[in-house]
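One chain, chain A, links the two complexes that follow: it is found with chain B in the first and with chain C in the second.
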Partner chain A sequence: MSGYQTGVLVILCFNIIAAYAVYLPLAANQLNLGIAGFMAVGAYAAAWLTTELNWAIAPAVLVGGGASALVALVVATPILRTQGIYLALATFALGQVISAVFLNLEVVGAAAGYQVPAYAPAPAVFAATAAIVAVVFYLSRTRFALYLTALKNDATVSELLGLNVRALQIAAFAIGAAIAGIGGGLYAHHFSFIEAQHFNVALSITTVLYVLLGGTQTVWGPLVGALVYTLLPEVLRVGAGWRYVLFALFIIGFMAVRPRGLVTPDLGRRLGAMLMRRARPGKAVP
Partner chain B sequence: MIAQQLVNGVMLGAIYVMVALAFTLAIGILNFMNFSIPGLFMAGGMATWILIHRGVPWWAAAVVALIVAAAISLAVERLSYRPSNEGDVEVPLVSSLGFLVLLQSLVLATVGSDQQAFPAVLGDLNLRIGGLVIGAAQVLSLAISMVLVIGLTVALKSTSFGRQIRSIAESRETATLLGIDVGAVIPRVFVISAVTAALGGVLFALNYLQVSPFMGENVGFKGVAAMIVGGMGSVWGAVLGGLLIGVAEVLSIRLFGADTVDIAVYGLLLVLLVVRPQGLLGKPPAREKL
Partner chain C sequence: MALLEVEGASVDYGRGRVLDDVSLSVGEGEIVTVLGANGAGKTTLLRAIAGATRLAAGRVTYDGAPLDGLSIGERLARGIVLVPEGRRILISLTIEENLLVGAHQRRDTAAVRKDIAAIYERFPNLAQRRHMAAWCLSGGEQQMLAIGRAIVARPRLMMLDEPSLGLSPLFVNTLFGLIVELNRGGLTVLLVEQNAGKALAIAHHATVIELGRVVVAGDPRALQADPRLREAYLGQGDDAAAGPIEPILQRGTGV
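Presenting the complex of A and B:
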């Protein structure tokens, strides 16, 4: 693999991790517009542990994810009192506050950024991404995912049927934050440098955009969204500036004609039916 | 000295008022969190700057910039708002975010990411009252935003168009049944909202003598904060919220330094969202179920 290919794949991995961090709360009907803040918590916590306390990278990154989940748990109770648009705006404000806090935190370099000597090579990033994807896919086959779908479709009915809606919401929010934190920790150790300005609102927003581009109704959606977002500009060989123009046009067009995203359960069924027809010619499915 | 800071805060707040007004019209009337508004704010300032550079007189440049913003806003209506009339609130929100990214990256790709110096077209006129210094551009933006607010309040209250808008905000179906051409009123609301935001961008450029692709992100999102602090959908809430955020920002720069602004402004927003989500002047949200 050339250096260029490895570089693209590493970016893809970080985008996939971010995508699943956004996807989990979204599966419970929570639009998290502050995911960059949670990445920053994980990145700075992990970087501080390896740099100041000489921890190994793996436990530091995991603790970073834990720290991010902890922040989510602490803020979840007040924040999840709000709903819909208010929740999206509250997470947005939270993301801004978190990155502004790191911008002022002298322990981790404040506005000058933070050097991270410990280095996580590309294969480690690939392995961690694979593990996260595996965990999310496993979760999607458990009753937990089923509960989240029920909650997303109708929170009131789910509550009447005996689901603990608040606990589920908090769990989805915190697991998403943990994934974001792990992604942030990996990012810090792969690129050896972090600055608060990187974890800005644009990062949160673009992540949400490609997750919704992929679709949130199936667990494949975020993966496809991240793939399209990362690889399409590379394939088309457009310049750095124009890739976002292209991406934005794609989003607007897609939301107008296919608001449920690229991958929907319906698409899966139709693909399945098509394959069946191929396999048994003559017996067309009505 | 603190009085001067308060004056500066109110003047900055006047700009936030305009952005908050644009947001509050979209959410109050259309229930649409229109995230393209920070982009329109930037487009207003940026287009004015580009045209001035091409030799257009500044006032003509500003007028053309407002028309450009209105045209973009009509595209937002057509592509983001209209396709998802019956869907959930997330789809138009996300699509309008797409417009924000589009506008920002278009400017980035063509003009570059540098902050550009905006010419001081109003000269160096300053009013001196007591020990206070107030710039002509500051007075102009405060005056324009107040005229807009009062004009909007009157128009919403006592014109036929205002009554049509309020009935649509109340219930779209009833408005349609009563013979209001909803399809014709809504684009006009988009145009009003866009012109308000873009005018804010032009006034920002006149005041602070700078434009950049990121001005919408920096200022426009504070307009969101201002709208929520005041209360979503309330015109006077936008005024109160805008002025409060402006003063909070200037005071936190003065007291704690420039890097703490986001903590102060968004921290205020976060606390308010949790404690009183309907904002200071808003009505408590009606529960849909139960």
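Presenting the complex of A and C:
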């Protein structure tokens, strides 16, 4: 694998992790527009642990994810009181606040950024991404995911059915934050340098965009969204200076043709039926 | 002794009192119906019993113990299950997933499977489409699923909020047949209806509320036979036909 290919795959991995961090709360109808802030918490916490306390990378990254989840739990009570567009605004503001805190925090370099000597090579990033994807796919088959979908369908009736709506929302928010934190910690140790400005609004918003592009109704959506979002600009390099114009046109085209995302449950069923037909040509599925 | 006892229940929404000093009693194994026009406070009464709405005054006693301060989930665990108005099926979930959500408090997985199988046997239409999204169901089938979702929660008291609303006459008959069948199986039923004729025909006891207050309570046959009552509180009652009876008082939609 060339250096370029490895580089693209690593970016893809970080985008996939970020996508699932956004997807989990979104599965409970919460739009988190401050995901970059949670990545920053994980990145700085893990980097500080390996640099100042000489921790090994793996535990440091996990604790970074835990720190991010902890921040989510602390802010969940005030933030999850808001709904819809107001929740998006509140998380947006939170992301800004977190980024501003690190911009002024001297122990981790403040505005000058923070050097991270401990290095996580590409294969470690691949393995961690695979593990996160596996965990999210496992979660999607549990009752927890079923209840989140119920909540997304109709929060009022979910409450009448006795589901603990509040606890489910907080859990989805915190697990999403933990994934973002782990992604941030990996990022810090792969690129060996972090600065507060990296974890900005644009990062939060583009992540949400490609999750929406992939589709939020199935667990495959964020994966496909991240794939398309990462790889399409690379393919479009043939367009030279026009590639981002082409890319934007593609995105608009995708959203026009598939407004509920590239991957929908309906698409899954149709693919399933097609495979069945192919496997058993004699017995056509109506 | 009564399974459910509501004493002097009052509920305020904002500055208005939507339920005012309502008392009623539901004996174990009975069907009790609550009738009244839109906005009379019937839905509020059920929500208060289920724990979704707080009482401003009064109390609800269930199985000999007061329900004060218990959450919806805790009341559900004691067997109080509400089938909400308008079915409120979770439309993007499959039929089977809807039933699993209904059984979410139960840990006896094998018994849940058995209960779900029994529901499929009772409603073959649901069985055929168990893995399809619930939006593909007709209104009547959605109502069956809503009741199925309540059954898998193992209710002792099932509260139904206008289950016949918007259903075809054929389905209304099926529905009331099902309610009677469940009741004969030992289930206690609190039924809120606008289809007064049908509800009075199956109930052991009836209460009529108007603008949040109980105006008449008693034997459903007596209510049905009294033309003055029927005219005053139940509209120009036609008990044979389906469809809601024209309410006299229109105060917005059901709260």
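The rule is short, and it goes like this: the second predicted complex is superposed on the first by the 258 of 286 C-alpha atoms of A that agree within 3 Å, B and C clash if a C-alpha of one lies under 4 Å from a C-alpha of the other, contacts with A are read in each partner's own complex, and residues count from 1 in each chain.
In this text, a residue touches a chain if its C-beta (ideal position, glycine included) is under 8 Å from a C-beta of that chain, and two chains touch if they have at least 3 such contacts.
All values derive from a computational prediction rather than experimental measurement.
A.B. asks: On the A-aligned overlay, A:Q5 touches which partner chain: chain B = first, chain C = second, or both, or neither?
C.D. replies: Touch status of A:Q5: no partner.
A.B. asks: Touching A:T149, do we find chain B (first), chain C (second), both, or neither?
C.D. replies: second
A.B. asks: Just checking: does A:G162 make contact with chain B only, chain C only, both, or neither of them? Give me first, second, both or neither.
C.D. replies: So A:G162 only meets chain C here.
A.B. asks: Quick check for you: in the superposed arrangement, does A:L89 touch first (chain B), second (chain C), both or neither?
C.D. replies: first
A.B. asks: If we overlay the two complexes on their shared chain A, which of chain B and chain C does A:N54 touch? Say first, second, both or neither.
C.D. replies: neither
A.B. asks: Between chain B and chain C, whom does A:R81 touch in the aligned arrangement: first, second, both, or neither?
C.D. replies: The first partner, chain B, only.
A.B. asks: Return first, second, both or neither, reflecting whether A:F247 touches chain B, chain C, both chains, or no partner chain.
C.D. replies: In the superposed model, A:F247 contacts chain B only, not chain C.
A.B. asks: As a test of reading the superposition: which chain, chain B or chain C, is in touch with more residues of chain A?
C.D. replies: Between chain B and chain C, the winner on chain A residue contacts is B.
A.B. asks: State which residues of chain A lie in both footprints, the one left by chain B and the one left by chain C.
C.D. replies: On chain A, the residues that contact chain B in one structure and chain C in the other are 156.
A.B. asks: Which residues of chain A touch chain B in the complex?
C.D. replies: Touch list, chain A to chain B: 31, 78-79, 81-82, 84-86, 88-90, 92-94, 96-97, 99-101, 103-104, 110-111, 156, 201-202, 205-206, 208-209, 212, 239, 241-242, 244-245, 247-249, 251-253, 255-257, 259.
A.B. asks: Provide the residue numbers of chain B that touch chain A in the complex, in ascending order.
C.D. replies: Residue list for chain B touching chain A: 27, 33, 79-80, 83-84, 87, 89-95, 97-102, 104-106, 108-109, 217, 221, 224-225, 228, 259-263, 266-267, 269-270, 273-274, 277, 289-290.
A.B. asks: Which stretch or stretches of chain A touch chain C in the complex?
C.D. replies: The contact residues of chain A facing chain C are 143, 146-147, 149-150, 152-154, 156-164, 217, 265.
A.B. asks: State the interface residues of chain C toward chain A in the complex, per the touch definition above.
C.D. replies: For this pair, the touching residues of chain C are 50, 52, 71-73, 75-77, 82, 84, 88, 90-93, 97, 100-102, 104-105, 133, 149, 153.
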